[in-house]
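The two complexes that follow have subunit A in common; it is paired with subunit B in the first and with subunit C in the second.
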Partner chain A sequence: MGSLLRNQKARNALLQAVFVGALGSLVIAGALIARQNMAAQGITSGFDFLFKPTGWEVTFSLLPAKPTDPYWWYFLIGIINTLFLGAFGLVTATLVGTVVGLARTSSNDLARLLGRSYVDVFRNIPLILQVFFWNALITNLPPPREAHEAWGFALTSRGLYVPILNVHGLAFAGATLALLAAIVLPIWLGRTTRLDSRPEQRRPAQLGTAVLALAGAVLILFLGRLPDTSLMSVPALRGLNLQGGLRVPPEFTALVVAIAVYGGSYIAEIVRGGFKAVGKGQVEAANSLGLTPWQVFSCVRLPLALRAMLPILANQYVWLMKATTLGIAVGFADFFMIVALTINHSGQTLEAIGILMAGFLIINLSLAALFNRINKAIALKGSQLRG
Partner chain B sequence: MTDLAPPAPGMLEDLRRRFFASPLQALVSLLSLGLIALVGWKLLNWALLSAVFDASQGAEACHRAAGACWSVIAARWRIILFGLYPYEEQWRSALACVAVVAMTVLSCIPAFWTGRRIAAIWLAGTTVFYVLMKGGVLGLSHVGEESWGGLALTLFIFVATCLIGFPLSIVLALLRRSELPWISRTTGLIIDAVRSLPLISILFTFAIVLPFALPHWLQGDKLYRVIVGSALFFAAYQAEIVRGGMQGVAHGQGEAAMALGLSYWQRVSRILLPQAMRNALPATINQFVISFKETSLVVIVGFFEIIASGNAAYGTGEWRFAYAEVYTFIAFIYFVFVFSLSRYGAFLERRMSVGER
Partner chain C sequence: MATLAQSPNPDIALRIEGMNKYFGNFHALRNIELTVTRGEKIVVCGPSGSGKSTMIRCINRLEEHNSGRIVVLGTELNDDVGNIDEIRREVGMVFQHFNLFPHMSVLENCVLAPMLVRKLPRPQAEEMALRFLEKVRIPEQASKYPGQLSGGQQQRVAIARALCMQPQMMLFDEPTSALDPEMISEVLDVMVTLAADGMTMICVTHEMGFARRVADRVIFMDRGEIIEEAPPETFFTASRNERTRQFLSQILNH
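Showing the complex of A and B:
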């Protein structure tokens, strides 16, 4: 035994076995105790509960949902809600961040002052406080009868009312996909190597697919029109409430605004850092070539800054995606809230937490993988990156 | 000899060059100026000019005024800062907060930056805080954790998180850098798993789910379980920062130490960690800042910290309309803490980059 401990290899193997074994037995012991406790409460462990009806309602859902639906359907609704909120939050935060970040890098002292005050104020206040604030602000707005109305939009204590097309939900989803295709396909056609042998066909192919996809979107919307209704549904006051249009619930609006404002202040700093990382020599060279200020910005500074920003931006997006879990603070039915409600109602604690972990792991990994691909695709080749 | 330098521009000329050099510049300047004036005037009018400060007239006076109703703060500041802490004993809660602030300020002074001194300051500060808050000794009456609240609870959770999380992060970073593949891989897996989860889900798991998986004698109070969860989350992020700092230490340093016959612990504590911590300092301060802001999330698992006590302060009867004032007050408190800490971090970063040149 003594000689075994003096042998480096044997000692290392023993050390590792003890470390992994101790951690493993901790986890197993915890799981066993949990099973025992759950059995004492009459809950059978396992994933059978996924196919049982939930018996409770969700407050927000893009898909049809009723209490007789099984748990797996509710989890799906939760994930879609989280992605939906996340997508809105990411886009608005990026817009805010770009504007503020550009203001911060501007040569104008006043614009810089504005950008800096924005970042200093909103970055230093916790996100959850901002969510509570916006939620309180919206729910304290005047009731529908005295709503703030403009251009068919109405802002009331019951949420934001926006005008929508009178179409079936599925048609709306289909049209959104077609619109996405109208943007993505031309970009893909511009980059694919398959057309390298026939470069003159690139432009027509891009134009053609874009027009086709747009026409497809219009067609889908036309086919999906609800019969016997006007083209647009505009919110209008009937009695004590607003009828027509689409009601965006206060909690969703509050979350999007808070994520846009708070995330925007972080993204502004990333944008600023990206522009700071562009080598001085590059800008000077561009200036001395006689490029106009706009050309220097759009052809030299922006593309280089974008490449410097992207990896940090990806981290920020993953962070913002996780921030959607704040939905539970104001009652928005995001993925985490569905999991918490499931634990409350069914008692399937370990399984629900496992599903939560798996869900976020998948979301985060796919975001990271997507950004890695973009990063690789736009990375500069060779040694042009010297400042 | 004639002076070849161009004549210094007059004030008007200087203004023109700075703000109206081109039409676009002029537009940006005017827009910014307009925005600053508008927002500045609205804020000034709301917060000071039309505001009500006098608490003696109660909520009625506020209904007539157009501006902020600061009398809600005058009437309710005790509940926001101290929560449900017994009224006569609230001086203890205030003193405890001062102790934490003093501890933080002390640990920002470079003279205290040795492992032993920092540890001593933080242990002393936390002990003072704990004794003041909990009582039961030195003639102080006993106050259980369930009645802690407001700012004091926020600070306690933050300090305890750092106190547990920081050493844990160093351990995790060392384990992840271990040469034994199974140890480094398992640690890496744990760190990555924790980092991929939202903090709320970890707090929720520790507060509500963990009692199922623990034997009774190990469950402890919900407050301490949540602190352990948030410390684990802090440590997972901080471990990667520390690891980054360790990677910045030149290989030769470790080899030289080994050649001198230093043991593993001597190498880690005398050679590796001091240099790694120096490399990691700016990112570490940043992590403290983030962690302080995220402490606010415990409101979701049902703690009466400063945001929850703020909700309670305007949530009852007569003050129901005064949410903006209460949230502004809390935001201001967070701002003071977070802004000074992050300014300090930026100052350190500048100072250290000067040292490297």
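Showing the complex of A and C:
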């Protein structure tokens, strides 16, 4: 026994076993105590409530929702709303960040000054204040009957009105997926090693899938057309309100703008850092070969900068996904708000929060895993001691 | 494209007249005068900080000269972007730190500029790239990435990449200074072959053996000035310049 304790490996194994055992008992004890306390207050713990009707309305949903729907359906709606908000927020923040970041690395003094001021202002104001600010700004806009319209868009106190296609919601979602496939599949076909032995098939395969996916999108839209309507539905004033088009609620617009503006200021710094990390030598080599400034940018600077940015960008995206929980502050029915309402109505605090945390873990771990994969796929090969 | 009125001679590859270059207040190049005829091989040497690299970087506008004029292959180097592009297309450059594009394979490094700048179709560009990779003796590394190669191999790829643009003149900026000693000769051998093919070359290097073998003229620079210009045999054995003799004794006797 004494000699076993002196063995380094045995010692490490024992220590770890003790640690895991202690942690496990702590969790079990906590759960048992919570269960006992809840039972004493007359709350039954467990997940049976998931299948009961909620009895309340949800303010924003991409799926059909009514008060007789069960809690699990509402949770699904919440997750989809969070993902929807997150997707818009991340994409717009990335666009803003790219523009501001490029301005900060520009050789133009004015562009650099503007970029710097932007980052200084928006990075240093708490996100929740910015959410309130944009929400207040939008809800204080003129009402629909006084709204200014431009190209079918109208920004009013009741939200942002945008023109939409007169199609069934599911058809719209399907067509969006098909469009995404039309972009992603050709890129994948261009890179996959499966076609390495038949390089001459790459081009036709790329073109073919792109055309097929586009045709699919058009077909889905055509089949999903609502009967007896024009193809486009454009918002127009009828009496005191705008009719037609799609109304984006003010709180959603405010959240997307806040995340885009705030996240954009962080992403701008990441973009700037990425471009600074590109070796001066590579740029000089590209110049000396006679490439135009745009070719130097697109073939050398951007691909190298992207590789430097990606790991930090993934971190920022996970952060911004978590920031969508601020939806509750302005009344947007994100995952967090649905969970909060669930707790109010059902009293199942621990279960609901557990589901909320698990949901965010799954969303963010998937995001991180996706970025790790991309990162690995485009990593520079070989040792890179010198650029 | 403005051609220099005084030098209609098509045999002149490069003419530098009264060129000055400043970095802020620092006078980096003083009144440089240099004429290189086609097919000539020039070796530029001198102590560190003497302006050798700056001078050859001025030839393809990696650095901008402040006064004087530079005419490369009949094209005047000025603020005209068309002229700069024209010169860069015809002048290849090899750097001390190779500066390969690390995200592209060796072959992609070589076909990039011919396809984008010379508008060569991919099959022709690849065929030519393989021919030049063969010339620098590493055709088998075409599908590898720069990070997977040794320094000597990377530098030979860099030479092949520059040659793929089929330049009329090559600039070498200390091509062997960053290499481990055992890899220097493989790069120099390639440069000797290139010289034998009749390429116009301007090499900043401290490889005096190479200078003896291939140089038509050796140029010695110090503190931003061209101090001496002589054929190698005179330069190495019969220099009358004090600074040249001091420099040579420092790099040859160690």
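In this text, the second predicted complex is superposed on the first by the 345 of 387 C-alpha atoms of A that agree within 3 Å, B and C clash if a C-alpha of one lies under 4 Å from a C-alpha of the other, contacts with A are read in each partner's own complex, and residues count from 1 in each chain.
Convention: contacts are C-beta pairs under 8 Å (C-beta built on N, C-alpha and C of every residue); 3 or more make two chains touch, one makes a residue touch a chain.
All values derive from a computational prediction rather than experimental measurement.
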First (subunit B), second (subunit C), both or neither touched by A:47: neither
Which of subunit B and subunit C A:34 touches, first, second, both or neither: first
Contacts of A:357 with subunit B and subunit C, given as first, second, both or neither: first
Partner chain in contact with A:279 - subunit B first, subunit C second, else both or neither: second
Partner chain in contact with A:380 - subunit B first, subunit C second, else both or neither: second
Touch count on subunit A, higher of subunit B and subunit C: B
Which superposed partner A:291 touches (first subunit B, second subunit C, both, neither): second
Which of subunit B and subunit C A:304 touches, first, second, both or neither: second
Contacts of A:56 with subunit B and subunit C, given as first, second, both or neither: neither
Common interface residues of subunit A - those touching subunit B in one complex and subunit C in the other: none
Touch list for subunit A against partner subunit B, complex: 12, 15-17, 19-20, 23, 30-31, 33-34, 37-38, 103, 106-111, 113-114, 120-121, 123-129, 132-133, 136-137, 140, 322-323, 325-326, 328-329, 336, 339-340, 343, 349-350, 353, 356-357, 360-361, 364-365
In the complex, subunit A residues that touch subunit C: 279, 281-282, 284-292, 295, 299-300, 303-304, 307, 378, 380-384, 386-387
Partner subunit A, residues of subunit B touching it in the complex: 18-19, 25, 28-29, 32-33, 35-36, 180-183, 186, 190, 193, 196-201, 204-205, 208-209, 212-215, 293-294, 296-297, 299-300, 307, 311, 321, 323-324, 327, 330-331, 334-335, 338-339, 342
Of subunit C, residues touching subunit A in the complex: 60-62, 85, 88-89, 91-93, 95, 97-103, 112-113, 116-117, 144-149, 158, 161-162, 165, 178
